[in-house]
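What follows are several structures.
Look at the two complexes coming up: chain A is in both, with chain B in one and chain C in the other.
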Partner chain A sequence: MRDSTASYRVKRGLGIAMMLAFLLFALLPVIWVIILALRPAQQLFEPIWRSPLALTLDNIYSITRSDFPKALVNSFITAGCSTALALILGVPGAFSLSKRKAANKFLASWLLLLLRMAPPVGFVIPLFLIYIKTGMIDTYAGLIFAYTSLTLPFVVWSMWSSFNQIPDELVEAGLMDGASMWNVLLKVAIPAARPGLVAAAVLSFLLAWNDFFFALIITRADTMTAPVAVMNFVSYASVDWGAIAVASIALTLPVVPIIIIANKYIVQSLGGAVKG
Partner chain B sequence: MQFKTMISGVTALLCTTALMGGQASAQEQEVNVLLFSMPSTQGLQKLAGDFEAETGIKANIDVVGQNVFENRITLSFAGGARDIDVVHTPVIQVQRWVEAGWLQPITDLVENIEDRDDILAGPLNSYLVDGEYWAVPFFAETGLMAYRRDILEAAGVNPPETWEEMLNVAAAIDSGDTAAIAMRVAPGQGFNMFVFPMIMRAYGGKFFENYPDDLTPALDSPENLEALKTYITLMNDYGPEGIGNFNFPEVVAALQSGQAAMTVDGTSIVSQAVDPEKSRFADEFVLALPPGGPAGRSPAIAVHGLGIPAGAEHSEAARKFIEWATSTETLTKLAINEAYPDFTRASVAQNPEVKAKYAGIQDNFLDLRVEALNLAVGNYRPLIPTWPEIGAAVGENINAAVNGLMTPEEALAAAQDEMEAILDN
Partner chain C sequence: MTPARASASMNRGYRAMMLPASIAVGIFAIAPLAGMFALSLTNYNLIRGWSGEIGIANFLRLLDDHRFIASVYIMAALSGFGVLAQVVLGTAVAVGLDKIVSRWKAARGIFVIPFAVPHVAVALIWLSLFTPTLSPINAFFDMFGITVPAMLTTQSGAIAAIVIADTWATYPFVMLIVLAALQGISPDLDEAAALDGASRVKTFFLITLPLLYPTLLMVALFRFIETLKHFPLIFVMTNGGPGRATQATNYYAYVQTFQNSNVGYGASIAVVLFVFAAIVSFYIARFNARYSNA
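Then we have the complex of A and B:
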């Protein structure tokens, strides 16, 4: 019998109300930033209910005339390339670590983890000095290599565990059928570990996309990325809140479709579901 | 598979663009300039083409946020990177940078400037350390007061001439809708320690027994205590809600949106209250000299200049850039194009276009600025290498006192102890 008593309805209503309250709490900063982005400078700090119709696109226009769009493109280029590089180098590396019978795997895993544990500030100063000497400051290649030092260990570490979930028999069957190790990797292992691959790619892209520290140190006007460009709206005597709000939205928007598309794979990968 | 083709296509495109764009631009004649963002420097960046047309030298002017600037400069100087030829040099940092060997003297450059007398003596001399000049000023802002004429008139009070009067005026005009006064309280040598010394010095307070001969800390004096009590009363009794964390953006927003009726701060802040594009009460705000006290008025002063880092690669080009950037012609263009009148050459004030622009805001705007600059003492914030640390430490304690975490007496005693410790090191 369906429970339709008053107490059930009250409980259900309370549950929904609580969920809505949490949702509102989580979304409040986002809503606030959207409002800020659309408010003219004069009404920026006025409660929205006092002048609900005072909205403008000026902040968006002003940001398109600034260096920010170029910085956004720079972010795409550097995060995209470092992710690609990390996948090209990291996936075969992880496969080899997972499927080769080697004695020093434990050491390799710890070295990799150590790289992930070291705070960026630990290697940014030597990196900066090397870059100065070699003319790599303010170059895409310099920033991409720096990001790869973040993304490569991450890709190897996460793909290693993805490949571990693929039964060895599957790899052996491929080899028995006469395929080379490369073919087994490309045609058997990678398709089987696709959720892990997508998750590793998305998360390493985000790692580089959100970076502030490396870009702060090794970029200048030509290759400045978006997170650093946002800081430039804070000037000596004023803070351009409208521009910062628009920039924050612009920084978040491109990531949303990536996450939505990759969501299924990320969940699968974290859940560890690979069919044998 | 379509998915794979798309991914590899995008990757190839991105990486090709990256490698193509990655070539460092190697020009024979160039100068790398690092400035932090303010209207003058943004304006200078827009004029870079003029410099190239005049000299044939390409100026790569990087204008970055203040935090970004501080990180880059520290790393670049400490690492001996030699990647910057002209550096934004705030007067407050010059002593520390000189002591650390980070700047090169440019006395010959200063002495060879033909119309050198035109440069305001106070700002220029603030760069004179150990008998040498280390930078040429391009920006000098001073302390002014901004008040809402309509609110003061409605309450039947005159604008305050002293901080004592300020307390009475604040009491008379403070209302639920509009707080009487907003000033910076956020801790920092460039934040609350930019505005608080205006009160402190007006009451006769000082940082040292007898600067620069006797650098014995003198913070725990009755004058400083009275000044601090005045500041605390003004902020806590007549300031807007949340004043304990106010920095310049909040002060500006409070003035522009009608949350506060008065402030005392630098020209670059008070100018935003009278900016009709941003301020709803631009017509009502009036600018005046900051209030004084038993020891007279002591407007704040902040000077920014251009210096050359030690070992800069394009030192000659850097000199030409500094001469161009601090010339009457360039500073006049900046005063006309940008928002604030913080130029450092006397002749700029004589330019008819500059005169007309600032008279449009307030008849006596430029005269007020000159008067305040004349009243300001060069060592408003002591020009010693340890000031950045001392200013930060004192600022923390002053902030704690305003926020009720310490009594004013405790705050000054703690600041005195910290100051002694920093100086002993």
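Then we have the complex of A and C:
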């Protein structure tokens, strides 16, 4: 092989060194935030290498006594309910878009993408005014409805692509046997598209879980979600870096396993959605 | 049943299935957007209230609002540099994982971790890294007598800081997509090129990269449209500052609406952003329809 020369080995070494550098870039901020979470307040502003063993669980302890755990629960409730709502409403619609012969599919795909991509500031201005009028500011329902404007277009878009991968014949065979369309959806199409359904559910949950903007505008103390509650540790007088680090980790932990497991569906949810 | 009647009843069934989603999209998404358009034609103010319809006056005012014009330039800088950095870095890592260290299966999972960090946490982590008194980066260079500049205190520094944080958090997304595309390219092509005596680098630029173009264009458009929405990074890291140096258009709409109470004017900025997003979405949807039918 021509590849076994010395110059090849040098090039390969350079390539590996480059990959290690990229890996460090990806990992060091994560390691840093873990260190920050474990630093006692007195040692916070001195270099880690001067007192590497000064570690404490105080930050974790103080977070558990703050309002932050309640905000995490709020995040779970609102992201979970909005995902459930989006699945119930969106899955039949996605099935219809995928299997129905006539329909302006291009227009539908553009609209769904646009709703997914539009800047949230546009949605939130009228919502804010309506919520103030109707007393829905700082309610679970208000936040869940707002999140559904994000999760529903996403669920329809990604389930559309999942249903496209089920052969039409499978659906037609079900209908020929006299099953109703809803039964075909429940008994044939959804089981066949289960991996896609799970992916749509977790990614839609993440969409709501990650939100900062909607919650910032339409929640107050009662339904404040975790991403907004973290900002309580940033005050004009002082910034509680230890608490911020712990809270950031708490915010991220539920997402890490999901992202690692679902990473192949991230690819799917981007491309290849619309196929005749 | 005759086929025609069967298909008519099927059509009814499919339409019934579309109904809940259509109504919900109408209520949750289209109605607020219609509200945004309606508000953009008024000068509604949270404190002063209504003072009548003013037509397109808000949009005319935008044309010589220097803060708006500046916000567009800032948005262009954040999106332009951000997308460029994410696509280049994401592609480099994907190519590295595919060709150089294909045995590092676990590395792929590690590279994806930053993508899992919620945006507010991304912003806070990088804020801590850009805070000179706290940052280990500054402490490290201090040992050699080098003072790292406080990036968040200058305009170009603050924009670079946001671009770096955004790139850290989202290049894994580009990497995943490009990696999937790379694995769809037949290894025969590489081997044929090698037999012809082409170097690996040459093979990459002449064979692999052209095959990646559709994927790269698609992923760049996706990232571009997402970077238009920067909010948590700006809100947390710079608060739009120093001065107004990082007030990108989306953030400016927020400032006008919720800090200055100019709801109508804020809505008109949101409309401009929305129309822009609609154009980009149109190209993505058209591209997607073509690409997936091929």
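One rule holds in what follows: the second predicted complex is superposed on the first by the 234 of 276 C-alpha atoms of A that agree within 3 Å, B and C clash if a C-alpha of one lies under 4 Å from a C-alpha of the other, contacts with A are read in each partner's own complex, and residues count from 1 in each chain.
Criterion: a contact is a pair of C-beta atoms (placed from the backbone, for glycine too) under 8 Å apart; a residue touches a chain by one contact, two chains touch by 3 or more.
Since this is a predicted model, take the numbers as computed values, not measurements.
Enquirer: Could you let me know whether more residues of chain A are touched by chain B or by chain C?
Expert: Larger number of chain A residues touched: C.
Enquirer: Looking at A:M19 after the superposition, I want to know if it touches chain B, chain C, both of them or none. Which is it: first, second, both, neither?
Expert: After superposing on A, A:M19 lies in contact with chain C but is clear of chain B.
Enquirer: Between chain B and chain C, whom does A:I260 touch in the aligned arrangement: first, second, both, or neither?
Expert: So A:I260 only meets chain C here.
Enquirer: Kindly classify A:R220 by the partners it touches after superposition: chain B alone (first), chain C alone (second), both, or neither?
Expert: Once the two structures are laid over each other on A, A:R220 reaches chain B alone.
Enquirer: Just checking: does A:P47 make contact with chain B only, chain C only, both, or neither of them? Give me first, second, both or neither.
Expert: Only chain C; A:P47 stays clear of chain B.
Enquirer: Output check: A:T78 vs chain B and chain C. Expected answer is one of first, second, both, neither. What do you get?
Expert: The first partner, chain B, only.
Enquirer: Is A:P119 touching the first partner chain B, the second partner chain C, both, or neither of them?
Expert: second
Enquirer: Which holds for A:A141: it touches chain B only (first), chain C only (second), both, or neither?
Expert: First partner only, chain B.
Enquirer: Which of the two partners, first being chain B and second being chain C, lies in contact with A:Q165: first, second, both, or neither?
Expert: After superposition on chain A, A:Q165 lies in contact with neither partner.
Enquirer: Of the partners chain B and chain C, which touch A:S235 in the superposed model: first, second, both, neither?
Expert: In the superposition, A:S235 contacts chain B only.
Enquirer: Where on chain A do chain B and chain C both make contact?
Expert: On chain A, the overlap between the chain B and chain C contacts is residues 44-46, 125, 128-129, 216-217, 228, 231, 234, 241.
Enquirer: Would you tell me which residues of chain A are touching chain C in their complex?
Expert: 2, 11-12, 15-16, 18-19, 22-23, 25-27, 29-30, 32-33, 36, 44-48, 85, 88-90, 92-97, 99-103, 105-106, 109-111, 113-115, 117-130, 145-146, 148-149, 152-153, 156, 175, 180-182, 185, 209-210, 212-213, 216-217, 227-228, 230-231, 234, 241, 244-245, 247-249, 251-252, 255-256, 258-260, 263-264, 266-267, 270-276
Enquirer: Which residues of chain B touch chain A in their complex?
Expert: For this pair, the touching residues of chain B are 10-11, 14-15, 17-19, 21-25, 36-39, 42, 60, 62-68, 71-72, 75, 79, 81-83, 248-249, 252-254, 256-257, 259, 266, 268-269, 272, 277-280, 340.
Enquirer: Residues of chain C touching chain A in their complex?
Expert: 6-7, 10-11, 13-18, 20-22, 24-25, 28-29, 31-36, 38-39, 89, 92-93, 96-97, 99-101, 104, 107-121, 124-126, 128-129, 133-134, 136, 139-140, 142-143, 168, 172-173, 176-177, 180, 194, 197, 200, 215, 218-219, 222, 225-226, 228-229, 231-232, 235-236, 250, 253-254, 257-258, 263, 266-267, 269-271, 273-274, 277-278, 280-282, 284-286, 288-289, 291-293
Enquirer: Report the residues of chain A in contact with chain B in the complex, numbered from low to high.
Expert: Listed in rising order, the residues of chain A that touch chain B are 41-46, 76-78, 80-81, 84, 125, 128-129, 132, 135, 137-142, 144, 216-217, 220-223, 228, 231-239, 241.
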